[in-house]
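Below is one structure. I have some questions about it.
Chain naming follows the written order as A, B and C, and within any one chain the residues start at number 1.
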Amino acid sequence: MAGISRDEVAHLARLARIEMSDSELDHLATQLDSILVAVASVQEVAQADVSPTSHPLPLTNVIREDLVRPSLTSDEALSGAPAKVDHRFKVPQILGEE
Amino acid sequence: MTNIHSTAAQMSEALSEGSITSVELTEAHLVQIEKVDSKVHAFLHVDRENALAQARDVDAKRKSGEKLSALAGVPLALKDVLAQKGVPTTCGSKMLEGWRPPYDSTVVAKLKQSGVVILGKTNMDEFAMGSSTENSAYGPTHNPWDLTRIPGGSGGGSAAALASFEAPLAIGTDTGGSIRQPAAVTGTVGVKPTYGAVSRYGLVAFSSSLDQAGPCARTVLDTALLHEVIAGYDQMDSTSINAPVPQVVTAAKKLDVKGLKIGVVKELSGEGYQAGVQQRFNEALDELVKAGAEIVEVSCPNFEYALAAYYLIAPSEASSNLARFDSMRYGLRVGDDGKTSAEEVMNLTRHEGFGAEVKRRIILGTYALSSGYYDAYYGSAQKVRTLLIRDYQAAFAKADVLVSPTCPTTAFKLGENVDNPVAMYLNDIATIPVNMAGIGGMSLPCGLAPEDGLPVGFQIMSPAMKDDLMYQVGGTLEAALVSKWGKTLLSEIPALAGK
Amino acid sequence: MALSYDQAVEKYEPTLGLEVHVELNTKSKMFCGCATEFGAEPNTQTCPICLGLPGALPVVNGRAIESTILIGLALNCQIAPFSRFARKNYFYPDMPKNFQTSQYDEPICINGYLDVEIDTDDGKMPFRVEIERVHMEEDTGKSLHVGGETGRIHGADYSLLDYNRAGIPLVEIVTKIIPGAKKYAPQVARAYVTELRDILRSLGVSDVKMEQGSMRCDVNLSLAPIGSGALGTRSETKNVNSLRSVERAVLGEVIRQSNRLDAGERIVQETRHFLEESGQTRPGRSKEQAEDYRYFPEPDLVPVVPDATWIETLRGQLPERPSARRKRLQAEWSVPDKEMDSLVNAELLDVVEETISLGAEPARARSWWLGEVSRLANEREVAPTSLITASSIAEIIVLIESGELTDKLARQVIEGVIAGEGSAKEVIEKRGLKVVSDDGALMKAIESAIAASPDTAERVRSGNIPAAGALIGAVMKATGGQADAAKVRELLLKHLGQG
C-alpha cells in the first residue's frame, strides 16, 4: 500500500480536530507509514468467511427499566467548565450549521 | 512487626488483631511516599487528608465491633485513570490537569465500601497509551529496581508504588498489557481479569472493548483479596458479566496444580525474547512440573497478527473515546480570546493538551475507521480477533491454562525507545492476545535475569470466566519459587539510593 | 421566464425522500436515568453519562427499544433479529461525546411501508410510501447563540449550552426514495408526515409536536426530466416545522430546482434551510469537506436481539390504525367525505368520539365542534379542544335534546363555560339560561304580546299565519330569548284559533 501523504495526515488531523504544524504533519506521516506497514498484515489473514468480533463476550439485550434516577445538580455538572454563564456552559462562537 | 514491607494479607490480620491501627499503617505509607517518591515519582497526587479520614473511620468502626471486610484499613494506590469524586484525576494528561470528577467510578465506590484506604493517584502513560510511563505529561516514573529504567506502562506508577513499598495494594488498568508488563519489569504481581469481570464505569476509556481494571500487589494472595473487592456485576456497565465472582482467594491458597495441564504457547517464545527472560521462564515451568502439573505445547498461529490487529482496534476506539476532550465542558481550554471560533479552540486545545503518542494513535485510529479504509484496517482487525479467540479455544481444549513470558525483555532504559513507536509496541506482544480474546491474564515474578539482575515476569492465561485458575497456578508457582529462593524476589530490591 | 410549479411538473419528475426524527416520551433518557421533562432549569437533568464525562458508560432504556419496535410494527417493518448500536463520529459543541450513539448498518426495523391517501384531479388516490428503516439514536443538547442580531448562529459572539435534552431517545424513520408522486409530491409528503404523526400519537410513544421539536422532518428532493428514467441530484431541506411547511418545502424545492435545471445549471447536493416566511429554501453553511462519520459498532453496548415472543406481544399492543379508525367512524356516523375531511383536518375526531361516548347525539356532537366551537377557537387563534372539554359539550347537547336548552341558549352557555364561569350547569344557573317551557309562564307572555298588538293578533285570527312571527318575536324578547320558540308558536296559534 502506498505511503501516507502529508495531505492525508492533514485531512485526518482536521477530522480529529487537532491543530498540527507542517513539520508535525511530516513527522507523523513518516511514523504512520511504518506503523501502517506493520499492521497491513491483518489483511492477509482476514478472509471473507471470518466474521468480525466487536465484543469479546457474547452478551445481548442488556437493558434497563425506564426509571428516573437522580441527576447531578447544575453546579456539579458545570464544576469542570472552563467558562459558564447562568448555569450554562459558555463556548466560543460556533461556525458550523446547526 | 507489621510494617510497609508486610503483605496486605499480613496487614489485614494485624489490623484485625488490633496490633496496628489503620491510621498508623496509613501514616507509615505516607512517610514512605515522602521519603522515596521524589526519586520514583509513582504518585501524581497524594490524598493525605482523605486517606487519613478513611483510616480513622475504619479504626472507629473496628473499635465499635462492626464487621469489616478483609482489606478494610489497608492502604492502596489508584491508577490515575479511574474517577475518584473530588480528587484530581488527570489520566497522565495535561488535558485533564486539575479536573476533579463529580462522581466515583464503581471500582472506587467498591474500595470505599470495603474500607480500603486510597493513598493517592498514580502516574501512567497518557490516557493509558504506552508501555513505559514515559508518555505521562507529568514526567516518567522510575523503576525502583533501577531508577534509570522504565517501570513499564501504562501503569508504571502503580507497579512502582508496590515495588518501592509506598503501598501494599494498587489498582491498574490493562488494555494491551498495562498491568501485566509493569508487574513483570518491577517484580510485582498484576492481574487483568476476564473482560467484564470488573466494572468499567468511571474508568476513563482508552479502548472500550479491551480495557479492564485489575488488582496489583506484591503477592498472588494479596492480588486475589483485592480482586474479590473490585470484581462483580455492575448495572452501570452494559458489558459487565452478570455472574458470581469466582473464588479467587480460595484458588490462590490452594497451592496445588496436580493434574493440571499447562500449555506453553509456541509463538510466544524464541526469537525476540531476551535469553535471561526465557531461562527464568523455563525454570518456572520446571517448578510447575515438580508440583505435579503437565506441560503441553500449544500453537496459536494467529498470534502473529495480534499486535497488528491491536494497533488498529485500540487506536480506532481511542480516536472516538478521546473526541470528548474538546474544552467545551471540562478540562483544558486553549486559544479562547473571545474572537476565535469553537472549532479553532478545539483544534488548539487538542494540540496542546494531548502528547505525541496520543495524537499519533488518534490519527492512526481516525485513518483506520475512515471511509474507504474501514474494511482493510478496522474491519480486518476485528476478524483477526475472531481468529485469536478460535486459537485460544483450540488451545484451551488441550490445556487448562496457557503460559508465556510476560514480555520479551526486562526493563529497558528511560529514553531508549521513545523515538521508535514500533519497537515500543513490541513490548506488548505476549500480553495483547489476552485482551483481544477477553480472557484473564496474570503476571507474577519468576526471577531476576542473570545478565542484568532485573525482574522477569511469568504470564498465566486462563479461559474467560475462569480467573480462579490463574490464581491457583500463580499461587502454587509463587510458593514454589519463594521456597526455592528462600526469600521473596522483592527482598532483593536495591535500596533506593540516598534515603 | 421563471417556471411556475405547474410548468415545472410538466417537464420534470420529482423524487422524494423523507426523514423524520421523533423524540420518544420515555420518562428517562436513552442511556441514563436522567429525567426528560420539558422546560427544566438548564443542566439540572444531566449526569456523567449524558454529559459525556470521562469514564461514563451508556445503558439502554428498554422502553425506548419497545417504542421503536412498536413504531416499526405499525409501519409494517421487519424487526431485525439482530441489531447493533454504532458510533457516528463528528464534532459539535451540542454533542457531549462528539459522537452520537446511533445505529448504522444493523438498524432495528427495516423494509416497511405506509399507505396514505391523497386528493387528485381524479378523486382520492391511495399511495404507498416505502420505509427503508427505523432506528434508535440520542438527541443533542440545546445551544443559545448570544451576541448576534437574530439569536441565530451567524454573527454570534458565543454560545451557551444546556444539555438537558442531550441523550433523550430519538427514533429516526427514513423512507426509501419515493418515485411516482409526480405533481402530487407536496401532497404525498404532507399526507405521509400527517399519517405518520397520527400513528405515533395513537401508539402513545411521543407527543409528536412539530412546533416543539418532538417531531422533526427533513425533506429530500431531486428532479429528473420526465421519461428520462434517471435520478437527479438531491437537496436536503431542514427546519421544516409544520405539516404545511412540509408541503411548501417540496413545492419550493421543485420550483427552485426546475428553474435551475432549465437554465442549464447543476443542482448542488447540499443541505438547505427552510424559510417559513417565504416558503423558499436557502443553502446551509457549505462545509469544506463532506463529513466522514467513521461509523463503527458501539463497543460499550451489546447487540439487541428481540425474540419472537416479545415482538408478538408488542404486535398485540398495536392500536387501531388511524386510517382504519377514520373509515370505521365515517361508516358508523354515515358522514360524507367533505365533513369527514373537515373533522380530520381540524383534529376533532378524538374529541367528537369522546363527546359521543358521553351521551351526545353524534350529528349534534359533530356540528357543535365543527361549528360554534371551531368558530370561537379560530377567533382566538387556538385549538378548539383547548377552549372547552368534551364533557361540557356533551352535557350541553344532552340538555338541548331534552328541550332544556335551545341552540341559542346553548351558545350562551358555551360562552360562559369558556369564560370560566363554571360548568355548563353552573352557568345555566348563574345566568338563568333555562328554557322557559312552563305553559303558564308562556301563556302570560303570549297574552301580553297579544294585548300589545291587537291588530296583529286579529290578522292571525283571520288566517294570516306568517303575521304570527311578530308576536312570537315579541314573546321571545319578553322572555329574554329563553322561550322555546316552537312551543311559543304552538301555544300562540292555538290561542288564536289557528293551531
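Keep this in mind: a contact is a pair of C-beta atoms (placed from the backbone, for glycine too) under 8 Å apart; a residue touches a chain by one contact, two chains touch by 3 or more.
The shown structure was predicted, so the numbers you read here are calculated from the model rather than taken from an experiment.
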Would you identify the shape of the chain contact graph, picking one of line, ring, star, complete or other? complete
Of all the chains, which has the CA centre nearest the overall CA centre? A
Please tell me the distance, in whole Å, between the geometric centres of subunit A and subunit B computed from their C-alpha atoms. 24
Averaging over Cα atoms per chain, report the distance between subunit A and subunit C in Å. 40
Using the average of all C-alpha atoms in each chain as its centre, how far is it in Å between subunit B and subunit C? 57
What are the residue numbers in subunit A that touch two or more other chains? 15, 17, 54-55, 57, 59, 62, 64, 72, 77, 89, 91-96
At which residue positions does subunit C touch at least two other chains? 48, 51, 59-60, 91, 93, 157-159, 161, 292, 294, 299, 301-302
Where subunit B touches two or more other chains at once, the residues are 99, 102-103, 209, 235, 238-239, 319, 323, 326, 328-330, 338, 342-343, 346, 366, 370
In their shared complex, at which residues does subunit A touch subunit B? 4, 8-9, 12-13, 15-20, 28, 31-32, 34-36, 38-47, 50-57, 59, 62, 64, 72, 76-77, 79-83, 89, 91-96
Subunit A to subunit C touching residues, read off their complex: 11, 14-15, 17, 54-55, 57, 59-74, 77-78, 85-98
Subunit A-facing residues of subunit C, complex: 26-28, 32-35, 41-48, 51, 59-65, 84, 91-94, 143-145, 147, 153, 156-163, 271, 273, 284-285, 287, 289, 292, 294, 297, 299, 301-306
In the complex, subunit C touches subunit B at residues 48, 51-60, 87, 89, 91, 93, 96-99, 157-159, 161, 292, 294-296, 299-302
Using the touch rule from the top, collect the residues of subunit B that touch subunit C in their complex. 82-83, 89, 91, 96, 99, 101-103, 105, 200-205, 207-209, 235-239, 316-317, 319-320, 323-326, 328-330, 338, 342-343, 346, 366, 369-371, 374, 378
